[in-house]
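Right, one structure below, let's go through it.
We just call them A, B, C, D, E, F, G and H in the order they show up, numbering each chain from 1.
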Amino acid sequence: DFAKIDHHRTLRTGFPEVIWGPGKTPKQIVQIMLKMQESFQRDNQIRPIIATRIDPAVFDQLKKQIPELEYYSVPKICLLKTGSLPQKKGKIGIISAGTADIPVAEEAALTAELCGFSVERLWDVGVAGIHRLFSHRELLSQLQVLIVVAGMEGALPSVVAGMVDSPVIAVPTSIGYGASFEGVAPLLTMLNSCAPGIGVVNIDNGFGAAILAGQILRT
Amino acid sequence: DFAKIDHHRTLRTGFPEVIWGPGKTPKQIVQIMLKMQESFQRDNQIRPIIATRIDPAVFDQLKKQIPELEYYSVPKICLLKTGSLPQKKGKIGIISAGTADIPVAEEAALTAELCGFSVERLWDVGVAGIHRLFSHRELLSQLQVLIVVAGMEGALPSVVAGMVDSPVIAVPTSIGYGASFEGVAPLLTMLNSCAPGIGVVNIDNGFGAAILAGQILRT
Amino acid sequence: DFAKIDHHRTLRTGFPEVIWGPGKTPKQIVQIMLKMQESFQRDNQIRPIIATRIDPAVFDQLKKQIPELEYYSVPKICLLKTGSLPQKKGKIGIISAGTADIPVAEEAALTAELCGFSVERLWDVGVAGIHRLFSHRELLSQLQVLIVVAGMEGALPSVVAGMVDSPVIAVPTSIGYGASFEGVAPLLTMLNSCAPGIGVVNIDNGFGAAILAGQILRT
Amino acid sequence: DFAKIDHHRTLRTGFPEVIWGPGKTPKQIVQIMLKMQESFQRDNQIRPIIATRIDPAVFDQLKKQIPELEYYSVPKICLLKTGSLPQKKGKIGIISAGTADIPVAEEAALTAELCGFSVERLWDVGVAGIHRLFSHRELLSQLQVLIVVAGMEGALPSVVAGMVDSPVIAVPTSIGYGASFEGVAPLLTMLNSCAPGIGVVNIDNGFGAAILAGQILRT
Amino acid sequence: DFAKIDHHRTLRTGFPEVIWGPGKTPKQIVQIMLKMQESFQRDNQIRPIIATRIDPAVFDQLKKQIPELEYYSVPKICLLKTGSLPQKKGKIGIISAGTADIPVAEEAALTAELCGFSVERLWDVGVAGIHRLFSHRELLSQLQVLIVVAGMEGALPSVVAGMVDSPVIAVPTSIGYGASFEGVAPLLTMLNSCAPGIGVVNIDNGFGAAILAGQILRT
Amino acid sequence: DFAKIDHHRTLRTGFPEVIWGPGKTPKQIVQIMLKMQESFQRDNQIRPIIATRIDPAVFDQLKKQIPELEYYSVPKICLLKTGSLPQKKGKIGIISAGTADIPVAEEAALTAELCGFSVERLWDVGVAGIHRLFSHRELLSQLQVLIVVAGMEGALPSVVAGMVDSPVIAVPTSIGYGASFEGVAPLLTMLNSCAPGIGVVNIDNGFGAAILAGQILRT
Amino acid sequence: DFAKIDHHRTLRTGFPEVIWGPGKTPKQIVQIMLKMQESFQRDNQIRPIIATRIDPAVFDQLKKQIPELEYYSVPKICLLKTGSLPQKKGKIGIISAGTADIPVAEEAALTAELCGFSVERLWDVGVAGIHRLFSHRELLSQLQVLIVVAGMEGALPSVVAGMVDSPVIAVPTSIGYGASFEGVAPLLTMLNSCAPGIGVVNIDNGFGAAILAGQILRT
Amino acid sequence: DFAKIDHHRTLRTGFPEVIWGPGKTPKQIVQIMLKMQESFQRDNQIRPIIATRIDPAVFDQLKKQIPELEYYSVPKICLLKTGSLPQKKGKIGIISAGTADIPVAEEAALTAELCGFSVERLWDVGVAGIHRLFSHRELLSQLQVLIVVAGMEGALPSVVAGMVDSPVIAVPTSIGYGASFEGVAPLLTMLNSCAPGIGVVNIDNGFGAAILAGQILRT
């Protein structure tokens, strides 16, 4: 009785049920997944159950108990595909400043896709070579919501928000060293953006960015 | 030539032109306002020009140069009402945790109204007496976007986001003392919310929250 | 002579003697335990001796020297059950926001039980789904002291303190990532709670919360 | 409608109704006080209404509207004495480390007295001359709860908690300079106390300490 | 004898002698200026003596003692123009992100000019409307060193450094609010820039940036 | 009874009695001074009574009650010269990095002199022109203890400690701006000095440095 | 398509192409290197391709795919020597405060050499024994740019900048413990230097310092 | 040529030569030790050479090259006993608050002994049971200098300094968890001590404390 599952909210929002992995034992994760699956089956609902932040070694242990589990190693997401959600309207652009930000950007991208949204990925277009971003100007204007993922100086969301009219969700990453302070530097950059219309989520929180993007598209 | 005005963006987004007051001399603010007004008139556009974070003493100086200026003392916003923007669809809920958070909440509310959106105000419903929020459950579910403003422990957005399915914009305020560290405490609370679907803006940034809400409603 | 034992205080307070494990070698822990046991026997006192924050590998080494040692792996507590303390009056409620906070919550719960108090456990009732907490409203009102354990945004103690009239002890945990800063975020949240009547202890300090709860019940 | 009053809780807890002054206009404070007074009268209840953190200049403005208001200048508390609460059992010791901590200690003392508790004051017994504290050893043992107020290095609660068996509430103050960082130093000292049984409240929060003490005595 | 003047260095470097105003009494500033002037005259050297961070009220007091003093109110620089330095080769570009950053940018510009360098000013070209910067691409490529001044998110130096091949000196300003933490946010942004070739100076240190630019041009 | 005076310690240590001014009302300071004077007279002891951190306006109020009070405006020390202490052996060098650090350096110097020690003052010999320090090499070697006062980068104590064999007491000052963070930068510099044999005191704590120097000379 | 290569900038600046290793998989690094090599060959350009911050174990994996890769274990740089850049004019001095700072200093030195610059290395001349630096006074005056690398108290750049007239680039390192806070202490020291003419780069960023030095020499 | 040895200072001060281990390769440590030994032999001086912060695995490697090396595992000090220094006058008391602080306290104790001073060790007398300290009152008064080592709340030096008249050197340790922030909490406590006459050294810096104590005794 260590976890109180709330699948009514899941049904109502039309999103998958998501377990946050860290701090849970593999045994607890398995039990929560099975309990969720059972609830969904009881209600005759088919939808994906996912667990985030799962290390490969933890996945191996989960897989022994639930053989049909799938694993996405870049975003470290683990999926129990009891069913998939219907495709939804609107397209979410996901932009990463560098190659090293891709794991966080993929957490956002995969979550959004599992929620039923179309996703456009644009990797490694950071501000140090701003023309890389500008060559995709047209593409950007066709996307309804943008998730911009950046570590180090975290300046990309400001530039993007100055170019488009759609809402921008900024995700700072812990990529960097020294005075990046595990993501504090890009977090502050994003909160202080002089371009209005940016909502910031926690450092490395690709998942939360995707859910917010989904809620915006449903508005 | 100390300010490069960019009214094309203003026209395209359908929002008013906004000047951030701090660090500018009254003389600079007046010059920027008049230059904007001129540009709009040249393009045959009628829209409000606003300046935020204007202290009463600064307003008195501005008023001498531009007699038709209006002042809203709670949100410290100053308005040159060359015209108003057409009413837009959708309703934005603005919720404050305490009475002392109202100036920031009003900055959001007035900005949203000047952008053409309808606004629902809900003041003083902080988590220490959570039934005050619960008695407005139905109202909350009818609003398309929610801006939740809170200082001190800043827990309100988490609770609200767990109750609704619409996007929540969280605004930490600098209200509090001691370990609130001028708004750092509620900022961290909001970034760490375990309810996904929350976008955070800078401390006391009611203005930015309103613009983000407006962009979401336009999506 | 590296540790000055003070078992008079232990006797006077009616609590068990507790060794804080970190930074001590296994050899030192064994020596302290045996010296305590000896003092108690000399004084004809029977009471438990416990060591906290003991990793499994350390326990294995201790066990070789003191074969009757027991180990509780979730709270990482190690017990030398020379005797148990008499059952005391009053019931302590221990509430965790998430599943991942359970190890800290269990440190509090087991400590309280070894002190002779009854404990009511309530796990995974965090603010993102506040109805989970509300369904236990009645139960809460029957508990004399509440220990509320939460990581991430740490908002639960504020909500609980607004619902009950008994003292609330808030324990921030280091569970979370990014801007939780190893528990700083919930610590600040709890210190800034707008609900008065909350006493805060150190991050992850389930032990200290239990002792404070015990002292309150003895008042 | 800027403040949602909740006097049922006040009635239930037996404490006075308290308004936190900062960030409210004098006009708002007056309106809240009168609305509270009205509610109490409607329910035929007589109890004090207090506002904390009221500067003398603000008090002068309030007094013009509510002539019967009283002012305590050391703790900066403002009282509308519609009635007083019945004397309650138990005695709260309030200890200050230095002379400069007295305003915070008095906030605690007066709040406790207005709640109906007896209070014992012990000023200027900081750890740099620890014999000053020791000469009151006997007195300390007769108090049910202790509120210990200290700035600068904030070491006093640890020493006190090692001397008594009753619960200790630690209040860090912003008194000091340089590396005291407006009270952060004593706050950390208190959170890290190696004497268990200490609950910490926010910097300068004498009020919250008194309410917690009151709740403990009612337990 | 409270100040040890070192005018040999001044002579050798070809820069003016500069007094840092804060923390000095007007009397001390006057004495230092006169002592410097005397040394220069003794050595038959004619060069400007400047004091930075001088508030208008302090200037008024200095002016009474040294009537030929001049004052630049935007950068708060005070000048004793015993002579001017010969014009030097090379042009320094000084770029500000916003209008409110101008005082710091002017501290850099005036210092550079008093050192004998030509200066190109480019104000209000922040990243939120990046086309404003791009329209000056050609101009930028003709400048030997660039000083980029920005507050709030401080992203401008990264973008500039990605556009040019000359050294970039980044100056964070304390302009902003909330999570800008008096300039910490742009400072971190600049230190973490993913565009290499950027040297950062202290928050608001326009003076230091100008001296570094001058030393680079002399290399 | 708001202050517990402890003049036995004062007698024993041979130092003057010192009142820390901030946070005390003028009335309290006067009462403490008179009570101290009385105790000394009762014990037939003649020694100075001093109060530190006294602003001129506060001194004016104190002077009205105790007309024989003297004031030192640079270190903001206020002296009741009931008698002076016998001259002690040993000489304390007090070194300031800049002119703006003199108030703190003078707090140390005057305190040391009032304790009966000889003092050698050396002002404005900071590391940016290290030859200024080197020209006093011989003098430095004749001093038994050195107090080194520095703000901004705070590097002076490291250099001094590498030149002499006597103990060095480092005093960081809050002089500086931006990333000096009110003295945090020089504090950290001093704590991290790679020259061993440096003891650090609080930011701006000239008084504490002098007392430590005095205790060292008495050793 | 995870990395957008921009070799035109590389060609234009005359520097090598550099990959930042952390956060990239070995496979990604290999792919980027080969893609770069291909682009250079296509344009008939011969220049080195380097990857920084490569651990030995990662190098072993890269070497399997690109057998001609070379490895410099002290600065952890990995080199694909498709060609070398022409020797450039000017000499860069690289100075380390301690032996433990050498890896960062070598990152700067090797990067500068691969860019075609001559380098003078001066190791272990920290401020605690300042005569070690002074014995190289003449050498210092012959270098066009100085890179000064220091951890712990980070005071060396201030002293060096006071001795020379050339630009100084300061590199704080994470060497130290306790209050060095992983390089924050020397970073603050360097930003607060009272010697003007210092540009600071990120903690441990030897690479960035070398590129800035190169750009200065090209000016 | 990576290390510039300065054994003249060593000879002059009468202390051993000390190598700080972290960040140096075993090979570098061996080379420095041998070079030092050689210099001493050349000058016909016999004195110990020590290296601090040496992990057991590093010691094993050093031992292979210098078989006569000795190792002290608690303080992690490695000794090349080419000779010992003459016994010096004065006794240093070394006091630890807890058992877990012993490694740091032993670093101080062994360093002091290798410098030729007598040492009195007093372990585990922290403030939570202050009578443990008081029972050694007499002993304390016979020691010329006191080194007080404490982690967690770090209050012990304040209490000790209030009891004795000799200089107190305070050493914060990184022992603790949560809000101790790796020793920041006791560091701040010690810097803010209201007992004057305390000099603070870096977190865990037992070595520096011993050298400072030695310099005081030589004064």
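By our rule, a contact is a pair of C-beta atoms (placed from the backbone, for glycine too) under 8 Å apart; a residue touches a chain by one contact, two chains touch by 3 or more.
This structure is a prediction, so every number in the text was calculated from the model and none was measured.
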| item | value |
| --- | --- |
| Contact-graph distance - origin subunit A, target subunit G | 1 |
| Candidate from A-B, F-H or B-D with the same interface as A-G, over half of contact pairs in common | B-D |
| Subunit G-subunit H separation of Cα centroids, rounded to whole Å | 35 |
| Inter-chain centre distance, subunit A versus subunit H - centres from mean C-alpha coordinates, in Å | 50 |
| Between subunit B and subunit C, centroid-to-centroid distance (C-alpha), Å | 44 |
| For subunit B, residues that touch 2 or more chains besides their own | 9, 98, 129, 162, 178-180, 184, 187, 191-192, 202-203 |
| Which pairs of chains touch, using the document's own definition | A-B, A-C, A-E, A-G, B-C, B-D, B-E, C-D, C-H, D-F, D-H, E-F, E-G, F-G, F-H, G-H |
| For the subunit B and subunit C complex, residues of the former touching the latter | 97-98, 126-130, 152-155, 158-159, 161-163, 176, 178-181, 184-186, 188-195 |
| Touching residues (chain side subunit H, partner subunit C) in the complex | 98-103, 123-125, 129, 132, 151, 175, 177-180 |
| For the subunit B and subunit A complex, residues of the former touching the latter | 9, 12-13, 18, 90, 144-145, 162, 165-167, 169, 187, 191-192, 196-203, 207-208, 211-212, 214-219 |
| Parts of subunit B lying in touch with subunit E, wherever the complex brings them together | 1-4, 6, 9, 20, 22-24, 28, 32, 172, 174, 182-184, 187, 202-205 |
